[in-house]
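Have a look at these structures, which come just after this line.
Next come two complexes built around subunit A: one with subunit B, the other with subunit C.
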Partner chain A sequence: MSMPTYKVIGTRPVRHDGADKVTGRAIYGADVQLAGMLHGYVLRSPHAHARILRIDTGKAQAFPGVMAVVTADDFPRTPDRIVDLGEGETPLSCVRGNMLARGKVLYRGHAIAAVAAVNMHVAEEAASLIEVDYEPLACALTAPDAMRADAPVIHGSLRMKELGAPTDTPGNVAEHFRHVKGDIEKGFAEADLIVEREFDTATVHQGYIEPQNATALWNNDGRVLIWCSTQGAFVVRDVTACVLDLPVSQVKVTPTEIGGGFGGKIPVYLEPVAAMLSKKTGRPVKIVMSRKDVFEATGPTPGSHMKVKIGARKDGRITAAQAYLAFEAGAYPGAMVGPAGMTVFAAYDLEHVTIDGYDVVVNKPSTAAYRAPGAPNAAFATESVVDELAQKLGIDPIEFRLKNAAKEGTRRADGPKFRKIGCVEVLEAMKNSPHYKTPLQGPNRGRGVALGFWFNVGLPSSCTISVNSDGTVNLVEGSTDIGGTRTSIAMQAAEVLGIAAEAVQPTVVDTDSVGFTAVTGGSRTTFATGWAAYEAAQDVMRQLKERAAKLWETEAAGVEAAGGVFRSGDRSMSFAELAARLGETGGPVVGRGAVNPRGVGGSFAGSIADVEVDPETGKTTILRFTCVQDAGKAIHPSYVEGQMQGGSVQGIGWALNEEYWMSEQGAMMNSSLLDYRMPTSLDLPMIETCIVEVPNPGHPFGVRGVGEANIVPPAAAVANAVCHAAGVRLFRLPMNPPAIMEALWKPGGKSSQLVPRNP
Partner chain B sequence: MQRKVHVRTTINNQAVEFLCEPRQSLLECLRDIVGLTGTKEGCNDGNCGSCTVVLDDRIVTSCLVLGVEAEGRKITTIEGIAAGNQLHRLQQAFLTNAALQCGICTPGFIVAAKALLDSEPNPDEERIRLWLAGNLCRCTGYDKIVRAVSECAREAKA
Partner chain C sequence: MKWFDYAAPKTLSEALALLAAHPGARMLAGGTDLLVQMRAGRKPADLIIDIKNIAELNELRYERASGLTLGAAVACYRIYGDAAVSRAYPSLHQVASLIGGTQIQGRASIGGNLCNAAPSADSIPLLIALGATCRIAGAGGERVARVEEFCTAPGKNILAAGELLVSMHVPAPRPGSGASYLRFIPRNEMDIAVAGAGVAVELENGKFRSARIALSSVAPTPLFVREAGDWLTGKPVNGESIAGAAEIAKAAAKPITDMRGTKEYRRHLCSVLTRRALETAVRRAQEVQ
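So, the complex of A and B:
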């Protein structure tokens, strides 16, 4: 099948919001300034687990410059129910409890009270005067600890869901699920070689550079107006309305520009609190988190404890695979262990599989999605075991994966059957990449590869397009733009309309001004909102054909359009010429698109990493790195590459450095960007990219969505590279210098195998 | 509340006066008092570089400078990089190289990179990476940022 040829798709126009973002004009959440605005500050728990005996806000209320103080008691106590958080459902009590603690604090950094004052310094000073008496309780900080029979119980009311059914079992395990395919015992009996390993990964943070923020005005007409940087304005609207017990129509959310999210800006932390402060003061209130608050009270992604066992025959065919996944949910249920279970073996076509997943609450911040949530943890385990099998069987690691690769028709253990996918194509592209074809030379160096899958999501999106008399169009959409999606959406409309990308002016609007649009997340924005734009553009074209027919006094069915030119017989007219004549043919033309697409196409990505391990310090240097990913169809290749490079580097940080250092009392010891060390420009080489295009049959242009799959394999690829460089395999992330030195020097370690730096 | 101090300074070649509390950082003064919100706050403790501005002839993280220290000095912020309607070539290079995704780090990177090119027109990749190591970007993996700056360095050479 030959690929269709496009005029706009696949080109690299300058993004529409570019000038604003390189000149400092773009308005992000913290930049919002309203007349009479007050500043809010949130008081947070110093304990990881404690009963709240008393909160006395009297002194803070009396402090000069303070206008209001709120605690959980100021919020309506509507009965509990399930609310949609944008990427999953959760009880309202958890959302509410996480926003302001009631009765107990469940992690250090848990919000207790909030103050609004004339400026942030006064608010902070006043907050320190709030008296809180705590009864500290023992805490559980990791999944294995929290699962012990004698572990402190974090939620007295929590009962485990076992294989989909409620039980009476109390404790910290919120859910245990199992996926079974085939007969695991039979599968292992057929294996010539079985490798079984245990893995741990530390809690890591999304690390967006812009802290969470919210500005709210409880207006005199009763409506609540909110400005914030969020991945989902409609999620903020709906959750805020729920918490404040208002109809959704009483809340209007205006999404500002957003400084990164990666899943961490889906949850709602501040907006209802700012709104309540505004209600009490009659003035707008802005709250901006400090970086410490961001680390201690937002995000992170689950730490995990995993066991993976895989058996293979001598010829390299996998006979059985089994996984045990225990993920830390943080303070409230909802660890991303479900997606980990869906992706852990998804790259392989397997007959016998068993996957057990456990969602475990611990005394850490309530976890949030982080780019392909759950999948990088799971891939670290699976891809390390796969690498070891290939190595022991003497098979090239890419060939080994090709022998087992998932393809169209493969049924995953969790149920779905793959439609057309690009797993084999990604592996072939890795094999044929300049990187893989160039042998790696030199002492203490190693190369690792890994493969990863993310299923991507669809969800609803809306869009309208109105035609201007100068031949351009205005496109209105509801997906906040975190990485150039205004342009990738506009380009799909431009392709349909036959006009230039620059002739489409995209605007992201508030929740009053566009139909429901789900979060910017799940790699869905270019896929689903792009599809809404495609539909809206089709609608415009239908109407424009009618207008041309009117002018030409013919039937609309006889009018054809291609490349921005309308034709009927020997008459023709450009898009711009027709646009100039809308007034005389019936008035404005507005197209609409509203979709809830089903045809989501999962994406595969592969990483190739060359590393050098310093035998004296244990420091790992990334020498070369390649990311290969199936985009389905790359709408704007530069921004697709950008996603691949960004995800790869986050994965490298996860692999080598990033970690929440927790004290035994549950305090994060490294809650600054100095001590929580994310990769800098100096830590990295250029990140080579190879875009594979296996069109998604479920999208008009074949788009799959590219935001996430790229972060799945890097940590495993780096781990495999470290193993080949240093001769020791590490089973815990991060693989920082102390961890590598420990592995090298422990009995049976390979310290002697490495070549000293200065012999 | 603390007594305010009168500060006379020059921002983007314009004389500016403002009143601030002694404890307020230059970043806070620029954003909340002067209204120049192009300079961003990512950490408020000197570790992310989003708040980078030029103070006299050096780049500083404005969250670690007090507003009162601006007295009598010259400040350049992201709002002062373009010449009127004309984007600086670095700004242009960031656009054509797709060197920004969310864009929150971009003002800091552009101010820092311009300071590099102003003092060293032809830095190589290693030098660019070292110079920009104080600016964190979580979205791009730095590849396209380094390319954009390298492109401007090459132009300077040509």
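So, the complex of A and C:
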């Protein structure tokens, strides 16, 4: 199939917001300053699980400089209902309960009350004067602990949903689901070799550099105005309206620039609280989280306990695969175990599969999305077992995966059948990469590979494009720009309009000024908002052809446009020439695009990791790392490569050092960027990238979302590399130096063990 | 952060007078520990005394005969930026360059690292190994203490109310001497030592004439392992001797398990790091011989 040729798509123009970002002019949430603005501070629970017996705010209220104090009691107690959180639905009671605790605190860092004062120091000091009496309760911190029969019950009202149906079973398991395909027993009976392993992964945080923040003004006309750092301004609008019991039209949210999100800036924590403080004081109120608050009280990704069992024939064909996935939701149900179940075996074309997933509440912060949520955990388990099978069967790990790779027509165990996908192409590109073709030499060194899948989402997006008389256009959109999407969206409009990317001025606007647009998440923005821009640009072109027809006194149907030139017969006019004559042909031209696209194309990514393990300290050095990913069509290759490198680095962080280090009482002991060890530039080689392009038939330009699949395989690839370097396989993330030394010290630790099975 | 008063005395006597009048005052040199602690609500203070304008606390002077005088407020960058100091004490150059990042090194001082008395302080094991002493001033006059006596508990030191650290003195390097500090961190920079070893050796005729070994992050205070150095004295310079000293250091360590590492792992690291640091120190000693 020949690829269409493009003028703008596939080039690398300078990003539209680049100058403001590199000169420090860009306005972030904490930069917002309003006349008469107060500062808010949130008091948080020191206990991981406790009953709240009494809250007395009297002394704080009386403290000089304090203007208001709020607790959960200040908020409307509207009946519970389901609200859309942007990437999923959840009961209002959970959203509200997480914002300010009522009755019980469910994790350390759970918000109790908030103070607004003349400055942040006064607010902080006043908050320390709020008296809270707690009755501490036993806590459950991991999925296996919380699933025990004698575990402390976190939500008295929780009843398990079992295989889609409600039950009367109380406890901490919110849901158990199962995906079945084929006959698992039959599949294992056909295997020559079965490997079954148990895996654990730690709670990890997205680690965005900008903390959550919100500034709110409850205006005298009754409207609530909000400025904040969010991945979805409309989610903030809708959730805030819900919590405050207002119509959505009464809330206006202006998204500021965002210093990273990775899924963690979809949930709403501060905005309704700042709004309520503003209502009480009549003044705007700003709240900015500290780093400790970000770690302790926003949503990390679930820790998980998993069992994966895979059987294969001697020729390397997988006969059956089974997974048990128990994920920690944190304080409220919703552990992203669903996506783990969708992705755990998605890279393989399998006949016999069973997948069991458990959504388990624990006394840790309520988890949020984190870049392909659930999938990196699951891939760590699956790809470790696949590596062990390939090793034991003496088959090259990429060849092994090629023998089993998912392709067009493969049906996943959770239901969907793949359309055109790039799984095989990604594996071929890995095999042919300069990295894989270069032998790795030297002691204590090892190479690992792994494969990962993320399904991506569509969801609604809106855009308008207005034509300027100088031949440029203004593009108005509602997607927070995290990874360069202003430019990747503008480029799709420019391609349709036949003008340069620089001739499109993209602006991300507030919720009053653009149609509904869902979150920047699910790798959807370049795909879906890009599609809205494509539609808006098509709308502009339809109108411009009519204008040209008017000038030429002909039919619009006879006007053709290509490469920024309109033609009819031997007459022609450039985009800019026509744009200058809109006034005389009927006035301004504004195009609109509003879409809810369904043709999402999933993305596959592969990682190749070379590591060296110091056998005396257990420290792993990443020597070389390559990310291969199917982008469908890379609109702006630099930003695709940026996503691939970013996801790879975060995955390396999962692999080596990142974890919530919890005390037995449920306190996070390493809630700073000093002790929560994300990799820095000094810990990494340049991440090599290889973009594969298998166009998505469901998008006008073939786009597949690229934001997430890249984080799925790195931890598994590093784990496999560590195994080949050190001679020990680790089954828990992170594989930090003490963990590697402990594995080396174990009797027989130098050799990887095989579970001998004769089904 | 709560309100506090700030004073920036120009002389040592002014500073001592302020300190005598405000026993709860805290010293500000680079502030890289103090400001973090104050923001976190630990160790609040009503008065902050900025010591960066006092001549004696900013002195950085090396003389071949008498050694190095290192003022308590001298920032790390001045140490590694001074060619004579770096040549005479490569190990000190090394330590000044590994504390924090470039911005931190522009403010943070070795004196502050000592007074902060963290078990994980990177400079203290080396200062102990180098045989450094502290000049302490108070209302009643001055006294001198050895660095290994300075820290008394995590975050605690021997300074009495009204006293401050003026400077440290490091003896002049003797012929055939070499030193090194080596820490283990899971990342490559910007991290707190899981364990560390500071060592200094003096070689003569293929034997250890003397040696001093100290450890970080494996006890409530930086730990001087006198017996490990004593054991090396008179032993031939070879791997066996070094391994023996490393085992003694390991046996002396009293680590805890925390988020930075387990006890067993830290004890193991003491042996690895002491051995590796001794190897570097011996190499340095042989290079200057």
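Here, the second predicted complex is superposed on the first by the 750 of 759 C-alpha atoms of A that agree within 3 Å, B and C clash if a C-alpha of one lies under 4 Å from a C-alpha of the other, contacts with A are read in each partner's own complex, and residues count from 1 in each chain.
Note that a contact is a pair of C-beta atoms (placed from the backbone, for glycine too) under 8 Å apart; a residue touches a chain by one contact, two chains touch by 3 or more.
All figures in this text were calculated on a predicted structure; none of them were measured in a lab.
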Practice problem: Identify the partner contact of A:His121: answer first if only subunit B is touched, second if only subunit C is, both if each is, neither if none is. | Solution: both
Quiz item: Is A:Trp661 contacted by the first partner subunit B, the second partner subunit C, both or neither?
Solution: second
Practice problem: Using the superposition on chain A described above, determine whether A:Pro738 touches subunit B (first), subunit C (second), both, or neither. | Solution: second
Quiz prompt | Partner chain(s) touched by A:Leu53 [first = subunit B, second = subunit C, both, neither] | solution = neither
Practice problem: Figure out whether A:Leu682 sits in contact with subunit B (first) or subunit C (second), or with both, or with neither. | Solution: both
Practice problem: May I ask you to decide whether A:Met669 touches subunit B, subunit C, both, or neither, giving the answer as first, second, both or neither? | Solution: second
Quiz item: Who does A:Lys619 touch here: subunit B (first), subunit C (second), both, or neither?
Solution: second
Quiz item: Thinking of the overlay built on chain A, is A:Ser648 touched by subunit B (first), by subunit C (second), by both, or by neither?
Solution: first
Quiz item: Is the number of subunit A residues in contact higher for subunit B or for subunit C?
Solution: B
Quiz item: Once the complexes are superposed, what residues of subunit A are shared between the subunit B interface and the subunit C interface?
Solution: 121, 674, 679-680, 682
Quiz item: subunit B touches which residues of subunit A in the complex?
Solution: 12, 14-15, 17-19, 21-28, 30-31, 33, 64-65, 118, 121-122, 206-211, 257-262, 288, 290-291, 482-484, 636, 638-639, 641-643, 645-650, 672-674, 678-682, 684, 686-687
Quiz prompt | Partner subunit A, residues of subunit C touching it in the complex | solution = 1-3, 184, 186-192, 194, 258-262, 264-265, 268-269, 272
Practice problem: In the complex, go through subunit B and note every residue touching subunit A. | Solution: 1, 21, 23-24, 31-32, 35-48, 50, 77-79, 81-82, 87, 91, 94-98, 100-107, 110, 128-130, 132-147
Self-check item: Residues of subunit A that touch subunit C when the two form their complex
Solution: 121, 124-125, 616-619, 656-657, 661, 669-670, 674-675, 677, 679-680, 682-683, 736-738, 741-742
